[in-house]
Amino acid sequence: MKRHSWMRKQQWAGYAFILPNMVGILLFFIIPALFSFGLMFTNYQFANPNVSFTGLDNLKRMFQDDQFYRAIKHTGIFLLSVPVSLVLAFLVALVLNRSVYLKGLLRGMFFLPYISSGVAVAFVWMLLFQPSHGPINEALRWIGIASPPGWFADSDTAMYAIDIVQVWFMLGYNMIIYLAALQEVSAEQMEAATIDGAGKGTITWKIVWPLVSPTTFLLLVTGLIMTMKSFAIIQAITQGGPSGSTTILSLYVYKTAFSYYEMGYASTVSWFLFAVILVITIVQWIGQKRWVHY
Amino acid sequence: MRKSKWWMASMSVVLTAGLLAGCGSNGDAKEGGASSPSGSSESSGNSGSSGSKTKLTLWGAVPAEAGPQAVIDAWNSENPDIEVEYLRYVNDDGGNLKLDTALMTGQDADLFISYSLTRLQKRVDAGVALDLSAKADYDIDAQMGPDAALWKIDGKYYGMPTKKNMSFIWLNKQMLDDAGLPVPPLDWTWDDLKAYAVKLKKDNVYGLLQHDSSYTATLDGTIAGLGDTNAEGKSNFNNELWKSHLQTLHDMMFVDKSTPEYGEQLTSKMPVDTMFLKGEAAMLSAGEFIFRNANNLAEFPHDFQIAFATVPRVTADQKDFKYPGGLGDALSVNAKSKNQDAAWKFAKWYADGGMLPMASGGRLPSSKSVSSDEAIKLLLQGVENMYDVDSLNKVVFGSFESFQLSIPQQVIDARKEEYEKYFLNKQDLDTTLANMAKRHEEFIK
Amino acid sequence: MNPTAGLSKSRLLVTVLMLVAGAFMIVPFLWMISTSFQSASEVFSRWLPSKLDWSNHKRIWTGNYNFVPYYMNSLKVSLISTAGAVFLSAFAAYGFARVEFKGRNTLFLVYLSMMMIPPQVIFVPKFIMFNWMNIYNTHWALILPGMFSIFGVFMLRQFFMGVPREITESAFLDGAGHFKIFFRLILPLAKPALATFAIIDFSWHWNDYENALVFLTSPKLYTIPLGLQNFILENNVDYNGMMAASSAAIVPMIAIFLLGQKYIIQGIASSAVKG
């Protein structure tokens, strides 16, 4: 990275640019977060005025909680959807950026899942994955798989079926951000490479991929964060079942907080979740020097 | 050129937003502020005593058009000095959270209806439910009968159970007749039901369907009789009756194939009530809310009579089985409300007949001040001949020893996870019962 | 690479393949439309309605289900929040991307870390704060927090960093200040990114159910996601009505997408960079 000395001039301007946003972040994120950090050490039940300090009881409970460990495992499986969706979205964005007709229509079609009604999404995927007569299993039987998986009806496969839906759901979102990034890749750069005799594959991996690496970094970091936090798809399709096999950590927090009203314990699990994502993010932040080119 | 176009676009977005903000600012004004609509109606309504009008908000989970709107319209025309507004919340985790949040602020929620004892318990803990047994002018025990006492918390009433709860087996009378089966007796068992289901199932007709809300009716009624824990404080969840019942259901799914396999029911999102009314199932285990669709012959056309049976006991010699039902819809007054007297006045009126417009949807009042004939007439108006009168009277309007479920949600969820494993053939029956008991004990520890 | 070279066979083939894949993406959307035209007893039993039943679409605009106020509320909340979020995020993103001040990276990581907190656990303190600020049960409880997007700051920072430094450096040497560079150079260059962020941010506000559920209690303030709850009856769901309302609810989203797309396509690639 070349040093640009001018960027270090007028440092006050940096603070000035960030200040308006900082006020909101402080008010709506940092202060509530500190409050929730405090709840970790209490037995606070939502709406119940009787609160007492319980020290590290919640932490102890968490480390003995089978459901907590189970939720971590499911969260791990859920996170697999992030890199898969990223790579697919990059390829789709490449194709839709140049080498098709009807670009506008196709982009709209691929983005549509991201804004579709969750109820409709849940219902249609239930039908597609229906074990006995759903189209996916019919197709699998047709190509010779005698006993295809039960998908949502089987606690061993439900989490992977959720992954598939999540990849499908996030594809359009990742795609349009990649599309925006591809606009920064100039036609001149591409043409120069073509004249140099580089093949399509080489151009893609040697030129385009590095050029969009800041976007990949963004999507990877925020994708992991958002996927860890989000459970809308799961809530709509399986509600964490069957027999808890799709309860990821964030859904467990949600149930603990809003169904059981155990806010103190929910805070504890959340802060664990927070610590995990923070470590992952810092590792990525340090690692970005190797592959992200600004 | 491009630049100016871009700025035009963003400016127009900001301007539109600003305009909309201006339009909506009236709606933003909080209560007590000078919001014009309520102010004007007040001055035109009762010009003599402006400012003395009390406004109450009632929170309930029944959609407004299914009765509550008619109830409060009637009240508002009879009582010009107390205006009640109905606010509907969805009775799920989110909806209850919304209600509990509103209750904490003490405004915009003067009266509220809880639909389970565990939810009411939380509101009592939070100090937002008024002790109604302290009121001298209304005797809940006398008005609502012995089942009301199941709603007592620490010996006190924090809500009036205003409605009769009901859960039973709906029967397609035509199919019973075709199979030569009589309407089952009141004391039938799951073995009897299993035999019925086998005889009634056909190619595209299930013997039995169960609505989600009734899936655990037998488990709950059994444990209510046995008690959650035994004398040593150990969990009673590994009892023989549950074992037998779960085994029966499992056999019906996988051996008889007279009821949908569990995974099938989960993943097909089966609309069981519609399927029953379309003749795709001979028996349906569900609550009284089916009446609303069953009475609606235009949207759910069917030409068979419906008969009723009780939720079966597990074995013929099961002694203290409690029937699902009893009373429900516990109406409470918010202890933080500024208008508690007006709210209490409304509550008494509601329980003693004000709620009648909801009877057509299956909500029969529990208060003895309401003539049950009138409620039944409202329920069956115009569709009398669609029901088998004899079993209707015995089952729907019969009286059975009942219970209110007081098992905490955490335990209910754990129990569900375990029986799901059994129904999905991931775990054998003995392990399932052992795990249920184990997780129950972990919770009560 | 030349788009004007007539119909190419390989291009046509790719288009057809992508259309097939695209069809797979829109099945739920089609199901939504189809269900909105079915009658109550048909739901879940067939893919296409037996006859077009317009009554669901009619009833969401009249009577008990009147969606007009929900629509206006949603538009108001989403537009103001999105407009605010785009401007405020772009502002802060420039600070993080183009000014090197002390503690920049640490501060940025603090920012990012705030994105990691599950919303469920900060809801109680937020509720207490809103009550105290007197904005509980007003649209401001959605709009004010909605104007601050950490994702927006991060995303736009990444894009601003991708703008060649030489462009801004020469402007700086010519005596332009940071503010001038931001408004005159960076913002116009980052149109695709701004438009993309606007689309995504709008979709989040438009579909935001949790905040609206908790922080709004008066029905006259309800947004569309709360209005859709009307179709959840006591023990079952009115899917026809819900899907009719959902079909109507998706229209503004599509409009915003089409509007924003224009700015995504006409990016900086061909125009401004070298000019």
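Order of writing sets the labels: A, B and C. Residues in every chain begin at 1.
Assume a contact is a pair of C-beta atoms (placed from the backbone, for glycine too) under 8 Å apart; a residue touches a chain by one contact, two chains touch by 3 or more.
In this text, all values refer to a predicted model and were calculated from it rather than measured experimentally.
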Chain-level touch network, classified as line, ring, star, complete or other: complete
Pair joined by more contacting C-beta pairs (B-C or A-B): B-C
Centre distance in Å when chain A and chain C are each reduced to the mean of their C-alpha atoms: 16
Computed distance of Cα centres, chain B from chain A, in Å: 36
Junction residues of chain B, two or more chains touched: 94, 97, 101, 104, 268-269
Junction residues of chain C, two or more chains touched: 44
Multi-chain contact residues (two or more partners), chain A: 46, 123, 258
Residues of chain A touching chain C in the complex: 2, 4, 6-18, 20-22, 24-25, 27-33, 35-36, 39, 46, 92, 95-96, 98-117, 119-121, 123-125, 128, 168, 171-173, 176-177, 179-188, 190-191, 194, 211, 214-215, 217-218, 221-222, 225-226, 228-229, 250, 253-254, 257-258, 263, 266-267, 270, 273-274, 277-278, 281-282, 285, 294
Partner chain B, residues of chain A touching it in the complex: 45-50, 123, 126-127, 129-132, 134, 150-156, 241-244, 255, 258-261
Chain A contact footprint on chain C (complex, rising order): 1, 10-12, 14-15, 18-19, 21-23, 25-29, 31-32, 35, 44, 88-89, 91-92, 94-96, 98-102, 104, 107, 109-126, 129, 144-145, 147-148, 150-151, 153-155, 158-159, 161-163, 165, 169, 172-173, 177-179, 182, 192-193, 195-196, 199-200, 203, 206-207, 237, 239, 242-243, 246, 249-250, 253-254, 257-258, 261, 264-265, 267-270, 273-274
Chain B-facing residues of chain C, complex: 39-41, 43-44, 64, 72-73, 75-76, 79-80, 82-83, 86, 127, 131, 134, 136-140, 188, 191, 209-210, 213-214, 217-221, 229-230, 232-236, 259, 263, 266, 271
Complex contacts: residues of chain B adjacent to chain A: 93-94, 97, 100-101, 103-104, 122-123, 125-128, 262-264, 266-269, 408-410, 413, 416-418, 420-421, 424, 426
